[in-house]
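Each structure below is given as structure tokens.
One chain, chain A, links the two complexes that follow: it is found with chain B in the first and with chain C in the second.
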Partner chain A sequence: MKEGFRQAMAWLHTWAGLIFGWLLFAIFLTGTLAYFKDEISHWMQPEIPARSVTSEASLTVAQHYLQQHAAGASRWLIDLPDAREPGLSVRWQQTPTKRGERGQFTEKLLDPQTGAEVQGRETTGGEFFYRFHFQLQMPYPWGRWLSTIAAMVMFVALISGIITHKKIFKDFFTFRPRKGQRSWLDGHNAVGVLVLPFHLMITYSSLVIFMSMVMPASILASYNGDVRAFFDDVFPQSATPELSGKPATLAPMAPLLDRAREQWSGGNVGRLTVNNPGDANASVVLVRDSADRVVHDFGSAVTFNGVTGQLLGSTPAQSLPRAIAGSFYGLHMGRFADPVLRWLYFICGLAGTAMIGTGLVIWLGKRQLKHVKSGVMPFELRLVEVLNIASMSGLMIAVAAFFWANRVLPVAMAGRADWEVNSFFIVWGLSVLHAMFRRGRAAWVEQLALAALLFGAVPLLNAVTTPYHLGMTLARGDWAMAGFDLTCLGSGVFFAWAAWKMQRAGQVETVARQRVQPIGLEQEAR
Partner chain B sequence: MKVLPVSYRLTVTSRVLAAVLGGYVVAALASVSLSLWVPMARADAVVTGMMTSFLAYLGVVIWCFACRTAWRAWLGVIVPSLVLAALSGLAYWMGRS
Partner chain C sequence: MLLALLLCYGGFTALCLSMDRHHAELLGRKQSARRRQLIKLAGWLLLASSLWAAVASTGWGLGLVQWCAVLMLSALLLVLLLPYRPRLALSLAGVSLLVSPVALFVQS
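Moving on, here comes the complex of A and B:
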């Protein structure tokens, strides 16, 4: 740490990367999975049929249902189905019995074609990965804070890594396979540099997403401590008219969709809120679908009178700084991405995960070499080894266990959604125990082999437990369902290959051990 | 692995504290003075200040580990903090009157 600038940055990169590496690996992997959150939910709730109906037809179905079942509610919320999320969700809020209280919410899923209630199996689905990615299964707001701190460390590690890596573009074309430690470093550099713009974007945007939580000083200074006033400025909400007390019939809402599209010169409606349905002062708020554009605009909406159809107002256009913040948000979430771009997001996310994983392996490998001759590993290295194994291969097994639990637990079981999540954490915990009791390489091989088995067998499991096997989903063109099965199969093959490589490298290593020279970042930096 | 001397560990701890805590203070003050000085609507100025504050944080962290001694690390935290605090105070006072 006392030598040149680059050495100092190498030191910073090494230690920041090590201490937060395990957490960041889990954050990156679950975040990558969250890009396919709707598709994962679809696989985990196969009972909900994918239909292709227009927004107008879905909305008519929803309005009909709500008028029959929730006529007296104070508010209706309708989430329209789209290509990725097949369910038509309706929620309504009971008029509170006492003033100032919040009314009870009821939620139902409807088949957008028939209007019948659909009962999917109870599951958190892809939402689990999405939530874990930034809440880390911790109570609010601790998980968000911890994940944002991890993002800041990631940012520091990225920039210090770039500074360390002098010959960044030349080295990118260098890959020396089958050279042990050297190959890991080349791989780390390649996945780091190849998708560097993605890494920078995803890391900085995660800071921007939670900036008002972690960096509120300027809000407090400019608004004299009135945080609410700031949010009212940033997310303007059109005022909704008061209850008039005179009953009136709500006009059909489907034509409003076209009028909202006119307002946005061709966007789509994602959600509708109906305030005071059945009253003369009913108002309909149409919120724009966030999959429409890259730049995310919170609460971009138009409001109509529900009875007369008169336009009551629309949210103003975003200012430039807010549009920049909105594009960070939009780029991070990737909701606008079509299937090809979504897969690109997924691959970039995997590259980020791999960059963190290879970094952890390099840290340990470099230090292990010094203890090869004595054969005794100091406690701290053994600790890093156990954490490496459990945080990488153990996490993969836990993800597979989560999918298996969805199919194996009885559909009608009470609290099954919780038990799916519990199985994830129980299996992850077991992987820590396993890594503690087995020697390093054996633990890697066994866990990777188990992951290969669990993932590879997912299509079979799906075929045995549901009627939605690959032959049927491929024939019907249900790409989300078939794609999930095939991706699991592909992951299974990959883990099998990794387990086999690990096994073989172990045999070669015992022969070549004496010849390997330690290669490290500090040397690289000179 | 050689046992590192206690003095080395202490300077590393000192630098880490300067980087993590001092960096946050500098970033927060940078966001405040930027949001008070940029000629924009209040909400936009605040958003701009918050968005760029993480760059200031990064800069401080890099400085704290790149400079020659731990004392210089703290100097690199305290001087910008004072300057930014003065700038913010000036803008705040001008906005009041």
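Moving on, here comes the complex of A and C:
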């Protein structure tokens, strides 16, 4: 390969990585957290108990509740609990007063064991990270566009990074710690190369997920600009049978679960939709749980008559192009992953975050070297430094603040969920200010230490503010709750270590500078 | 998945040892060309068999995903251990190869 080409790629990698690095760091970190979004939501709504009941039992409970409270509704939606989402959610839509209008939805959470209503505290939970990951808290569709552009830049940075890296195989196992810049570059290369399959998959699949938004040309051309017609073709609506007007009692729905499983040769039901309950033409649509298979199927469902139990129809098998798109979607979301694989996803996500973070540190470190002696940094380097600190350690503090707000804000507070999100952004903003007013290394050390304190104290905070402390959750085997506490504790220890490392590296640097100075003075004296 | 992980880790350690620089660092002596070839072959065979182990236990779809996951994890673990605890990294590889028949027995 020509050196000129490689240099051009190195230039591209450097600048594409810098400009989008801060945003990509936040996208990667929140995306990584979103792999545990159900567990995070569970921790943030501790009032909702985790029960181990069968789908049949929870469906019977839901049906009983809905027949008592929403007999006249035009539609019921039931989301069955699973190992990760403990709540049994029922929603119903009132019959619209005028034709063509949408009826109003009511949502309730039930305890799948007793059937009693459960009131969880108001929170966005893990959904916040999931949404931020691709919407960036911006109005539709700007956030999606920005995150998609970031994904494209990420893809460019990955490819140009592979081309720039001369010795992928020779340095495959190389990591040399305690060597300053060398170590940072080794670390950047190691997490980049070793976890490359994940990086490529996650970046490419994110473009596939938004393909109809990013590259609509083929759709617009084939459908004469009518995008809705395309979506109607891709996601056919199941035709709802007309109201017969004759009342009839809905048969127990629990046996339908087994019949749906037969249809899918052993898949699980995630959601049920009951159209026109209480009518002779009631229909029950059972939608397959997306956690069943690696290849995501957009709405694989079977429909039964709700009164007679007759099979009315099922969605056709996936076509190959849809299966390919579905497999990218499924791989990106990782909903199929069991706890062990989910942790591996999480580790890979952290590796991606670390790759971006080390890249940003290297960019600055290389350029800072020139200014070590004078101790004065030009404005642009100082800007990068402030953004580095705020986008990395500041973001960590903001995440911790989000969790703290969930426990500290009063449960009955109005607009509570919004204030949790607000505290995330307020703290993130404060971290920018702090980074501006403190010298680089001091800002790093202080912010990392604060992150260590906040994360490390989460189990304590949880024990003080709720009855669900570690001793109890561990004994009860509530692994989502206990795992959250322990992971926060682990992150706290990690940040404490990072702060200590940073502090010590700073001391070594000052000692080195002091040693350099006398020689300089002597030379001047001569 | 455990068997695939054990075989993967062993395979990567073998591939690492087949490189002269790492071989000298870890074992403190040079290796003959023939020995290098043998270790390299063993490494690739172990990686291939870990693919087989993953696919045989859960089918192609999930198996490939699991294999990629353990591939990345075991390489990451090895590279992180090597500079800090080289003896531990090597003995882990030995243990994982010794345990793998047991894991095979449990899996099948």
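By definition in this document, the second predicted complex is superposed on the first by the 507 of 526 C-alpha atoms of A that agree within 3 Å, B and C clash if a C-alpha of one lies under 4 Å from a C-alpha of the other, contacts with A are read in each partner's own complex, and residues count from 1 in each chain.
To be clear about the criterion, a contact is a pair of C-beta atoms (placed from the backbone, for glycine too) under 8 Å apart; a residue touches a chain by one contact, two chains touch by 3 or more.
Note that the structure is predicted; figures quoted are calculated from it, not measured.
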After the superposition on A, what does A:Ala221 contact: first (chain B), second (chain C), both or neither? first
Tell me which partner A:Leu66 touches in the superposition: chain B (first), chain C (second), both or neither. neither
Looking at the overlay, does A:Leu364 come into contact with chain B only (first), chain C only (second), both, or neither? neither
Touched chain A residues, chain B compared with chain C: B
Could you tell me if A:Val191 is touching chain B, chain C, both of them or neither one (first, second, both, neither)? second
Quick one: classify A:Val295 as touching chain B (first), chain C (second), both or neither. second
Using the touch definition from the top, say if A:Leu109 reaches chain B (first), chain C (second), both or neither. neither
Could you tell me which stretches of chain A are touched by chain B in one complex and by chain C in the other? none
Spell out the residues on chain B that touch chain A in their complex, using ranges where they run on. 1, 12, 27-29, 31-32, 34-36, 40-51, 53-54, 57-58, 61-62, 65-66, 68, 88, 92
Show me the residue ranges of chain C that touch chain A in the complex, using the header's touch definition. 1, 12, 15-16, 19, 22, 61-62, 65-66, 68-73, 75-76, 78-80, 82-84
Touching residues on chain A, where the partner in the complex is chain B: 1-2, 5, 8-9, 11-12, 152, 155-156, 159-160, 163, 204, 207-208, 211-212, 215, 217-219, 221-223, 230, 233-234, 319-322, 324-325, 328, 367, 370, 378
Touching residues of chain A toward chain C in the complex: what are they? 170, 172-177, 190-191, 194-195, 197-198, 293-295, 327, 331, 336, 340-341, 344-345, 347-348, 351
